[in-house]
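Handing you this structure, nothing more for now.
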Amino acid sequence: MRIKPSIVDKIFRIGFNALAFFTVGILVVIISIICVKGFSHVNLEFIFASPEDMGRHGGIFPSIMGTILLALLSIVFATPLGLGTAIFLTEYTKESVFTKIIRFGVESLAGIPSIIYGLFGFIFFVIQLGMGWSLLSGVLTMTIMILPTIIRTSEEAIKAVPRNLRIVSYSLGATRWETVTKVVLTAATPGILTGIMLSIGRVVGETAAVIFTMGSSLRLPTSLMDSGRTMAVHFYILAREGISMDKAYATALVLVLSITAINILAYYIMNRVVSRYS
Amino acid sequence: MNQMTEKLYILFLFIGIFTVSCGRETSDRKDNQSPITIAGSTSVMPFTEKLAEYFMLDNPDYVIDVQGGGSTAGVQACINRTVDIGMSSRRLKDDEKSLRDITICNDGIAIVVHPGNPLNNLTIDQIRGIFNGRIKNWKELGWIDRKIDAVSREEGSGTRGSFEDLIMNKMEIDDGIMVQDSNGSVKEVVATDPYAMGYISLGLVDERVRGLSVDGVAPTTENIKDGSYKIERPFLFLINGTPDENTQSFIDFVLSKEGQIILKKEGLIDIL
Amino acid sequence: MAFQKENFIKFILMVFALSSLFFLFLIFAFILIEGLPLFLKVGLKNIIFGFKWAPTKGSFGIFPMIVSSFLVTFGALVVGGPMGLSCAVYLSEYSGKKMKMLLKPALELLAGIPSVVYGFLGVIYIVPLVRNYLGGSGFSLIATSIILGVMILPTIISISFDALMSVPKSFREGSLAMGATKWQTIYKVVIPSAKSGIMAGFILGMGRAIGETMAVIMIAGNALKIPTSILDPLRTLTGNIALELAYATGDHRLGLFSTGVVLLVIIMILNYMANFGIKKKRLK
């Protein structure tokens, strides 16, 4: 029996609507569970106190600081390197074998799973270079991990700057470097910042690469050679060991909220680009 | 430079100052405050952490840094001198004998099941059969018709090594058996799955899991002390050469009556 | 003088670019250098096709893990593929501006949730569900596939969405003008035109699933045998590395590097296939 195409059409229309809501529903469920179960345990004390009894009681301040330190320091190292590379590739050279090799490397690195970074960072930085589990090992590993993202997003942001701006700048007598810093970079800043924010988000959410390089010490890291935890690592250990479900949910909440805040910030910055150029 | 770039530079400046001052802090610290680093067995870690907490309460200028990584990692770190004390839950192998080992306590390995499991006792042969894959179903042990969800530790784990030496006796642990990478996670599986069975550090057994008697002997600290429950292994602190003053103070504390009482309260077997 | 300054700056930037290149290749080189010796010592066949992983006793067979990695990836595609593609179709063909504004950030949020959180929720909710209603311990192929499927949804949706959006409006208009319904247009015209982009999305989703570590070791059970049913536990290549890395020494550690090499090769191949598909779509 052949069903009328218009009815089939309606069925699919309804089906697709339902599906979209289901997908959003999954997100809502995940966020709700974390919020509902974690909310009552997140308070000022939780955020600013240190963990006691392996994290069964107390707060997560050292993990929060560990996360902030790891993310910021990684950005400090990766941004000049990545931005410089992007500027070099777009403004200072023509397409050649050399640039193709670099792009090949960047594309390849972008797909490497985080456990490989963990494996590399652990054996190379922690053991062979003798840095031990430390903030430094973590930072160096994460820098390499976010480098491709910074290079790619910076390149795209720079490429998106209209040619006219450059032409006008040169015609006014500016040198290449002046043009790059005063004109191109200024215009590309929102795009570059978005890439930076995305990378920060990645570092904050990363566990496999961090736990094997930065370690899992419960203390507040006060020097580069200290070990420490990030929120993601702390959450993983709490959850895996069954130390405290309450604290686990609370940590998850802070973690997810942080990443959400970073994403919202990135979004806000990106929108400023659109409004600036439309 | 425009506004945004200026702001970025200021941000970077702050980060730079912060990083430098972090480094400064370490060199400003008094000798007493350089951290004692301890790493190794994940079985020993929670107890060392507890001891460290107590020790630092009484001696606030001490900083003790405890990490996991596994018995083997602890041995390696000790050999490479990247830590002050290594923790191990298995005896040293021949090629590791350059290190000095100090037994801080003994720990039993308990065969645990879900509290709802009606079984109370198994023979060593049965346990062997379960982890070897020979016995697959609870009905073979007198319970319901349901597959046994056995959980083991990963290769390289001190706890697994001791379990293999003391129970498996050269028989291999079956490939189809689940693996978790810490005592805590094995305990979690057993606590939540009514049909699970695993082996964990005795010190971790609480009301969420139940330890089975082996060949009629219950897994209690008394039975380990008098030798009737034979499945036990030492918790070791490993030192490379002579420890410095701070490290020695901590070790003395752990071996003292105070330290041993703490360990005993946690379910371990003190060595006094 | 300005010329000298310019050259100097170019030089500095080139050093930066070279440093980036150096770090980029450092990882590859290191993993390969550490991973290759064991292949030579034990034999490529014995590792890739070996069935027994007992590295402290000399067996380095990772075949079960290769199979398991592919099984969970395939499972993730089964769970996330149709749902993701359908969502993308909805976004591009049916939804209005408002829905797009709501769904896009929702997707970004979903993508930003750390994998350990997914793993945790999987253990608390999905594993007991499987255990109580389907059997087994719950730590299984099916539980892992479900969680991974959800995790790769954002990837599949956004790439498929881009592919669908790049199909020219004229295609749709032409089809409707000839009397086709919207659904007929979508499934006979739009989707086939976006085929290579959609495939790329699926392949990238595969790459993500096969590279996932934390969520997998929490849910999969990590048993060393090839699973014979979807309720059996399994261990992936990523899980193997993560579980034993901290404890491994000597040849055991080399074995983990060899696992890493195999994993890298598989993911590189998947990535190139995906990029090829995306570029092909762009060229059209």
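Think of it as A, B and C in the order they're written, each chain with its own count starting at 1.
The rule is short, and it goes like this: a contact is a pair of C-beta atoms (placed from the backbone, for glycine too) under 8 Å apart; a residue touches a chain by one contact, two chains touch by 3 or more.
Only a predicted model underlies this, so the values are computations on that prediction, with no experimental measurement involved.
Trainee: Starting from the defined contact criterion, work out which chains touch chain B and chain C both, please.
Mentor: Shared contacts of chain B and chain C: A.
Trainee: Could you work out which chain's C-alpha centre is the most distant one from the centre of chain A?
Mentor: Farthest by centroid: B.
Trainee: Which pair wins on C-beta contacts, A-C or A-B?
Mentor: Spelling it out, more C-beta pairs touch across A-C than across the other pair.
Trainee: Find the geometric centre of each of chain A and chain B from their Cα atoms only, then give the gap between the two centres in Å, rounded to an integer.
Mentor: About 33 Å, centre to centre.
Trainee: With chain centres defined as C-alpha means, what is the inter-centre distance between chain A and chain C in Å?
Mentor: 17
Trainee: Residues touching two or more other chains, restricted to chain A: which are they?
Mentor: Where chain A meets two or more other chains at a single residue, that happens at 240.
Trainee: For chain B, write out the residues touching at least two other chains, lowest number first.
Mentor: 68-69, 76
Trainee: If you look at chain C, which of its residues touch at least two other chains?
Mentor: Residues 242, 246 of chain C each touch two or more of the other chains.
Trainee: Quick check on the complex: what are the chain C residues that touch chain B?
Mentor: 52, 54-56, 64, 127-128, 131, 135-139, 217, 221-225, 232-233, 235, 242-244, 246-249, 252
Trainee: Could you pull out which chain A residues touch chain B in their complex?
Mentor: Residue list for chain A touching chain B: 52-54, 72-73, 76, 127, 130, 132-133, 181-182, 185-186, 189, 215-219, 222-227, 240-243.
Trainee: Within their complex, state which residues of chain B touch chain C.
Mentor: 68-73, 76, 147, 149, 154-157, 172, 175-181, 189, 192-193, 195-196
Trainee: Give the list of chain C residues in touch with chain A in this complex.
Mentor: Checking each residue of chain C against chain A gives 2, 5-6, 9-10, 12-14, 16-17, 19-21, 23-28, 30-31, 34, 83, 86-87, 89-91, 93-95, 99, 102-103, 105-106, 108-110, 112-117, 119-121, 123, 150, 153, 157, 180-184, 186, 207, 210-214, 218, 238, 241-242, 245-246, 253, 256-257, 260, 263-264, 267-268, 270-271, 275.
Trainee: Mind listing the chain A positions that touch chain C in their complex?
Mentor: Within the complex, chain A touches chain C at residues 5-6, 8-9, 12-13, 15-17, 19-20, 22-24, 26-27, 30-31, 33-34, 80-82, 84-85, 87-89, 92, 101-102, 105-120, 122-124, 143-144, 147-148, 151, 175-177, 201, 204-208, 212, 232, 235-236, 239-240, 248, 252, 255-256, 259-260, 262-263, 267.
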